[in-house]
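Paired with chain B in one complex and with chain C in the other, chain A is shared by the two complexes that follow.
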Partner chain A sequence: MKGVTVIFRRELAGLFLTPLAWVLLLAAVGLNGFLLIAMLRSSGGDVNGVLNFLLGLGGAYWMLMITLPPLLTMRSISEESKSGQLEFLLTAPVTDAAVVVGKHLAVCAFLAVLWSVVPLYGLVLQLTGVTPDWGQLGMGYLGAVLVSALFSGIGMLASAASSTPLLAAFLGFVFNIAVLLLPLGASSVGGRVGGLLQPIAERLNVLQHLQTSFMRGAFDTADLFFFLAWTGLFLFASVRIVEARRWWT
Partner chain B sequence: MIQVERISRRFGSLEAVRDLSFEVARGEVVGLLGLNGAGKSTTMRMLTGYLPVSSGSISIGGHDVLTDSLAVRRQVGYLAEGVPLYKEHRVSEMLRFQGRLFGLSRARIKERTAHVLERVGLTDRARSLVGNLSKGMRQRVGIAVALLPAPDLLILDEPTSGLDPLQRVGVRDLCRELAQEHTVIISSHILPEIEAVCDRLILLHRGTKVADGTKAELLSAEGGSQLAVRVKAERLTHERFRADLAKAVPEAELTSSQEGPHHEAFLRCPADPSGRVGRLAAERGWVLTRLAWREASLEHLFGRLASGRMEEEAAQA
Partner chain C sequence: MVDVSQPSTPPSTIARRRLRVGFGVALLSVLAVTVLYFVLSLSESSALRYRYDFSTVGRNSLDPSTEDLLKRLEEPVTAHVFFRGENTAVDAAVAEARERYMDLLLVASGVAADRFEFEAYDLSDVAAAADRMRALGLDRVNAIVLTAGEGESERRALLRVDAESLDITRDPANPQRFVLRDFRGEEALQEGLLKLSSKNRKRVLVATGHGERDIEGTDELGMERLGKELAGDGFDVGIWDALENGPIGDDVDILFIAAPSDAYSQEELALVHAFVERGGRLLVIAGEQLYRGAGSTGELLKPYGILAEPGRLMAPTLDLMTNQMATGMVQCGDFFVREAGLNPRHPITKPIWEAARRVRAINTRSFERGVAPNGGTLQSLLAQNAKGAWIDLPLFLGQHDPRTGYNWTFDVGREKIGATYSLAMASEFPVEASEDVPLDDPRRRARVVGIAMPEMASNALFTANQTANRDFLLNCFNWLAERDFNVRVSLRKNERTMLDVYRGTELITLQRFAWWGLPGLLAGIGLLLGWRRKS
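Our next item is the complex of A and B:
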C-alpha cells in the first residue's frame, strides 16, 4: 500500500512534467469550453442539458474517453521496459502490483483533474446566477472518472502487453472502442457469433451502467461495483503480464 | 552474503548463463568479468531478482531471491546497465523517490541525500535536471541512487561504460572507496578497471565460469611470467640446449622445441632471467635470435581463457 502511494506520487509528478499531458489537457479543456459556449447558445440556455451532454451524452465525451486514457498509459510499461526504468522499479522493494496500481491511479488522477473542468463550468454558471443540478453534475463527474479508470485499466493492459508505446496506444484505443460497442455489436451480429458475444456484452455494458445511474444523478452501488470490478480485472491481468515479461525478456 | 548455486538462464534456445555457482562473503568486492554477451548482466539481473533463474537458486543475506524477493530487494542497491533514471526529475527528487521506495523517513532521506551527493561529488548539482547532466554525472547520480538506502550489497552493472578516461578514473576511485564499506559486485568488460577495484575476479565466458579467484591466484594458475628464448646453433643438440638452460636458470619450468638448427624454449619463472640466458648464449657461441620477457597480466589470461574456451567449443562441435 505504501509502495502504491510512492509510485503514484512519482507517476503523477512525471505526467505533469511531460508536454504530452499538458497538450492533452489543453485540447480537452478547449474542446469542452467551446462546446459549452456553443451549446448554451444554441439550446437557449438549457444549463443542465448542456452539462449532461458534456458528461456522458455527447460524442465529444466518448471521443475523449476512448483516446485520452491509451495516450496517457501507453508509455507507462512498454516504454519504461525498454528504457530500463521498469527494471529500476521492479528491483526496488515494492511489489509488481504496487507499481501497476500506482501508475494506473496516477493516470486516473490526471483524468479526474481533466474532467473537473465540467463541474467548474457548473460553478461559473452558479456564480453568474444559474444554479445547475448539482446532484446530476456530481454523479456525472463521478461516472466520468469511473469510465476513465476502466479505460485506463485497459490501457495499462495494452501497455503491459506491447513492446512499443505506439502499439500500446493503438491496442488500447481499439480495445476501448470494442468494449464500448460490444453490446451494440452483439445485438446486430446474429447467429453463433452473436450468441457467443451476448453473455459477455450483458456483463460488460459500459453505456448502460453509466446511463441508468450516474448520468441521471442517481447513485447505485451495483454500478459503482461494475466499474471497480472490471478495472480491477484489467489491472490484475496487467500485473500478471508484467510478471510474465521477466520470462520473455 | 551471496550464495549462487548452479544457476542457469535460457532465452529461448540461447543459454545465457549455464550452471554458474559462486559465493560472496560479506565485505568482499567481486568483479564479474567477461566479453560482451558473456552473461554478466544476466547474472546481475538474476541476483537482483529481476530475471528469474531457469534453474538453480540464489540466496542473498539468507533470503531466497525468488521466494523472498522483497526482503532481498531491501538489502540491495542496484545500478542497472544504462543508468535508467527519470530524466524529467531533479537529482534530489530522484534520490527522494528512491528513499521513499525503500520506506525511509523524511529526515533519513534528507540526511542520506546530503551524504551520497557528497560521496559522488555532486552536492552542487542537486537541483539540476537529471536529463541535463552529462553522461559521467548521470552515472554518478545512478551510483548515488543505488547508494541512498545504505544497502548491504551494491550491484553495479558496467558503472564506467561510455565514460571518457577522466570520468572513468573518477568512477573507479568512487567504487574503490565504496568497497571499503559495502559488499560490492561490479561488472565490466574493461580489465584494468576491475583489476584496480576488486579483490576477487570471476571470469565468465559464454555463460559459464572459467576462473574465480584473486588476481595473484589467477595469474599463478595461468602459469605466470615467462621468457621466450630462440637460438640458432649448427652443432647444438636439443638435449644439450635444454640441459644448459636448466643449469643456468634452475628455478624455471622449461618447455622447448627444435626446428633444424633453431632451438626454442620457454622459461616460466617469477623474475626475468634474461641476463643469465644472454651470458650463457655468449659463452656457448649461440646466435640469439629472440629473447623476450613477458610479464603475466590478466589481459593475457583473459584473452587466453576466452580463446581457449572458444577453441574447445569449436572442437566439441
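Our next item is the complex of A and C:
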C-alpha cells in the first residue's frame, strides 16, 4: 500500500506539472462551460437536466471520456519503458502491481478533478438560489469518476502493451470506443457473430450501467462492482504485461 | 584459445522460458476473467444487491405497494413500449409523460429483474413495429402493452400514454404551452399488473344468434375494435349462443348483449335472468330495430328498473347553411353528450367527466327510470340528453322518412320535449347466495348496465377519435367486473428545477463563472506552474 501511495503522489505531481494536463483541463472546462450555458438557454433553464447532460447524457462527455484517459495514460508505462525509467522503477522496492495501480490512481484523481467542475457549477447555482438535485449530481459525479477509472484502466493496458506513447494513446482510444460501442454493434450484427458478441456486450455495457443508476441519482452496488471489476481486470492484465516485460528480455 | 566469457543461455532455454511465461499469463488471464464473471454475477443477484435512491424527488423509488406487487407477480411480465413523438401542441407534455413512464419502467425492472422487464420498440422500423403492434392487438402508438403468459394463455393490459389519457393543462405562466399536471403512471402500472393477475382475469361472453353486433366484425357495425380492446384490457372474450350453449356457466363474469335485431325467446331471457340472479353481470346495448316489446332488450332490462322509452332521442343541430340551430335534419340524431350530461360521481363516467370529454350518440334511444330490484340501487342518469332534446316518434305518414319513420322534427302534442332522458343506466342489487360465499364477495350482488346508444360499440364509433365512447364502454366492463382497483399512489412533485433564463441574474452569474472565472483560474495556475518550472 505504501508503494502505491508513493507512486500515486509522484505521478500526480508529475501530471499537474506537465503542460499537456493543464491544456486538457482547460479545454474540458471550457467545453463544459460553453455547453452548460448553451443547454440552459435551449432547455429553458432545466437545471438538473443540463447537469445530467454534462455528466453522462451528452456527446461531449463521452468524447472527453474516450479521449482524455488515453492521453493521460499513454506515457505511464510505454514512455518510461522506452526511456529506461521503468527499469529503475521496477527495481525499486515496490511491486509491479503498486506501480500500475499507483499510476492509474493518479490519472483517476486528475480526471476526478476535471469532472468536479460540474458539481462546482451546481454550487454556484446553489449560491444564486437555485437548488440542484444534489443526490443526482453527486451520483452522476461518482459515475463519471468510475467510468474514467475504467477507461483509464484500458489506457494503462494499452500503455503497457505498446512501445511508444503515441501508439498507446491510439490503442487506448480505439479500445475505449470499442468498449463503448460494443453493445450497439452486437445488437446490429446478426447471425452467429452477433450471437457470440451479445453476451459479452451485455456484460460490458458501460452506458447501461451508468444510465440505470448513477445518472439517475441512484447508488447500485451491482453497477459499482461492474466498474470496479472491469477496471480491476484491465489493471490486472497491465500488471501481467509489465511483469512479462521483466521476464521477456 | 579458451573462451572465458560468461556462457550464453542456449536459444532453446529462452524459448522454453518464454513459453512458460506466456502460458502463465494465459492461465492467469483465464482465471481473472472467470473471477470477473463470478463477481459480476454475484453483484447482480438480488440477495446481494443493494440500491439506494439519492435523488431528491425519489425518481428511482417506487411506492412500497408497487414494489410489493412487482415482487409478488405470479409470472414474468413484459412491458412492450411503443412511443413516438407527435407534432401536436400538447406533445411536449406527452413527451414528459413518456419520459417518466420510461423512468418508471426502468425502476420497476430494477426492483424485480426476474419478474418484470420492458422492451422499447424502434418505431422508425415501421414494418417490424407494425407487426409487433398487430400481434399485441394495438392500433395506436404511444401506448404500453403489459403481457404475461405465452401463446393461448397470454394476457394483456394496455396503458395509454396519449393526450386524452393524461392530465394535461395549459401552463399558467405561458398559456401557449401545455404541461403535465399530474402524472399517474405508477397507478396505471399497478392497475395493469393487477389486471394481468389470473384471479383478476374476467371472462366476457358476447351474445350471438339474434342479429347482435359481431365481436369479430370488421365493418362499421362490427365490434372488432372493442374485442381487441377488451383483450388488451385483460378480459377473456368468448361467444354465447343461447340455442347452442344453453345456460351460462359460473365461470362467466359478464354477459354482453349488443343491439340484437331478432327477439329472444322467453326461455333464452330466462337463462339471462338466471345468470344475473346468480350474481352475474349484464351489459346490454339497446337494439336499433328491436327495442321494445316481447323478446327485446327493453323486456330484458325491465326487471332491473331500466325501462325503454319509445322513439329516438334527437337534439337541434347546427345548420351550416343558416349557421343556426335547426331541426328536421338527419344530423339531429347525431349529437354529443357533454360534460354536463355525464354523472361526475359514478366510476363509469367520472374519468370522462374529469377530462371534460364528450360522448357521441347516434340514433340513440332513451331510458326511463323504473323500480330498482329489492334492496338495489339504480343510477338512472349515467349519461343524459343534450339541451333542447326531444323524443322523436316514428310515424309512417306525411314527411316521415319511409325507411325509418322519423322526421327529426319536434311534433307538438305528439312528442315529448324538455325532460331529462337517460342514455345509460346502471343497476346494482343483492342476490341470494349460499352461506359459504363471503359477504364482500361479488357473487352476492348483481350489476346490470343498459346503454341506449345502439352504435356505442360499433367500429364506427370505437375509434381513436372517439376516446370518450371507447372509455365509456371499457369503464362499463370494468365496473361490471368490479375491476376498479382503487390504486392510490402518492403523486411525485415535478422533477424539474428551473432557472429563470429570461429575467433572472442567475444565468449571468453562472456564465461569468463558467466562461471566465474557472477557465481563468485554471489558466493562471497552469501558467504559474509553468513559470516556476522554467525558472
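Criterion: the second predicted complex is superposed on the first by the 246 of 249 C-alpha atoms of A that agree within 3 Å, B and C clash if a C-alpha of one lies under 4 Å from a C-alpha of the other, contacts with A are read in each partner's own complex, and residues count from 1 in each chain.
Keep this in mind: a contact is a pair of C-beta atoms (placed from the backbone, for glycine too) under 8 Å apart; a residue touches a chain by one contact, two chains touch by 3 or more.
Remember, predicted model here, so these are calculated numbers, not experimental data.
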Touching A:Ser188, do we find chain B (first), chain C (second), both, or neither?
-> neither
Larger residue footprint on chain A, choosing between chain B and chain C, goes to C
When the two structures are overlaid on chain A, which partner does A:Ala92 contact: first (chain B), second (chain C), both, or neither?
-> first
After lining up the shared chain so the two structures overlap, which partner does A:Ser83 touch, if you call chain B first and chain C second: first, second, both or neither?
-> first
Pick one for A:Phe225: touches chain B only (first), chain C only (second), both, or neither.
-> second
Which of the two partners, first being chain B and second being chain C, lies in contact with A:Leu17: first, second, both, or neither?
-> both
On chain A, the footprints of chain B and chain C overlap at residues 17, 247
Given the complex, residues on chain A that touch chain B span 2-3, 6, 9-10, 13-14, 17-18, 83-85, 87-95, 246-247, 249
Within the complex, which stretch of chain C touches chain A?
-> 17-18, 21-22, 25, 28-29, 32-33, 36-37, 39-40, 43-44, 48-57, 59-60, 103, 106, 110, 495-501, 505-507, 509-511, 513-515, 518-519, 522-523, 525-526, 529-530, 533
For chain B, which residues count as touching chain A in their complex?
-> 45, 48-52, 70, 73-74, 76, 78, 80-86, 88-89, 93, 97-98, 100-103
For the complex, which residues does chain A have touching chain C?
-> 16-17, 19, 22-23, 25-26, 29-30, 32-34, 36-37, 40-41, 44-49, 117, 120-121, 124-125, 128-136, 138-139, 203, 212-213, 216-222, 224-226, 229-230, 232-233, 236-237, 240-241, 244, 247-248
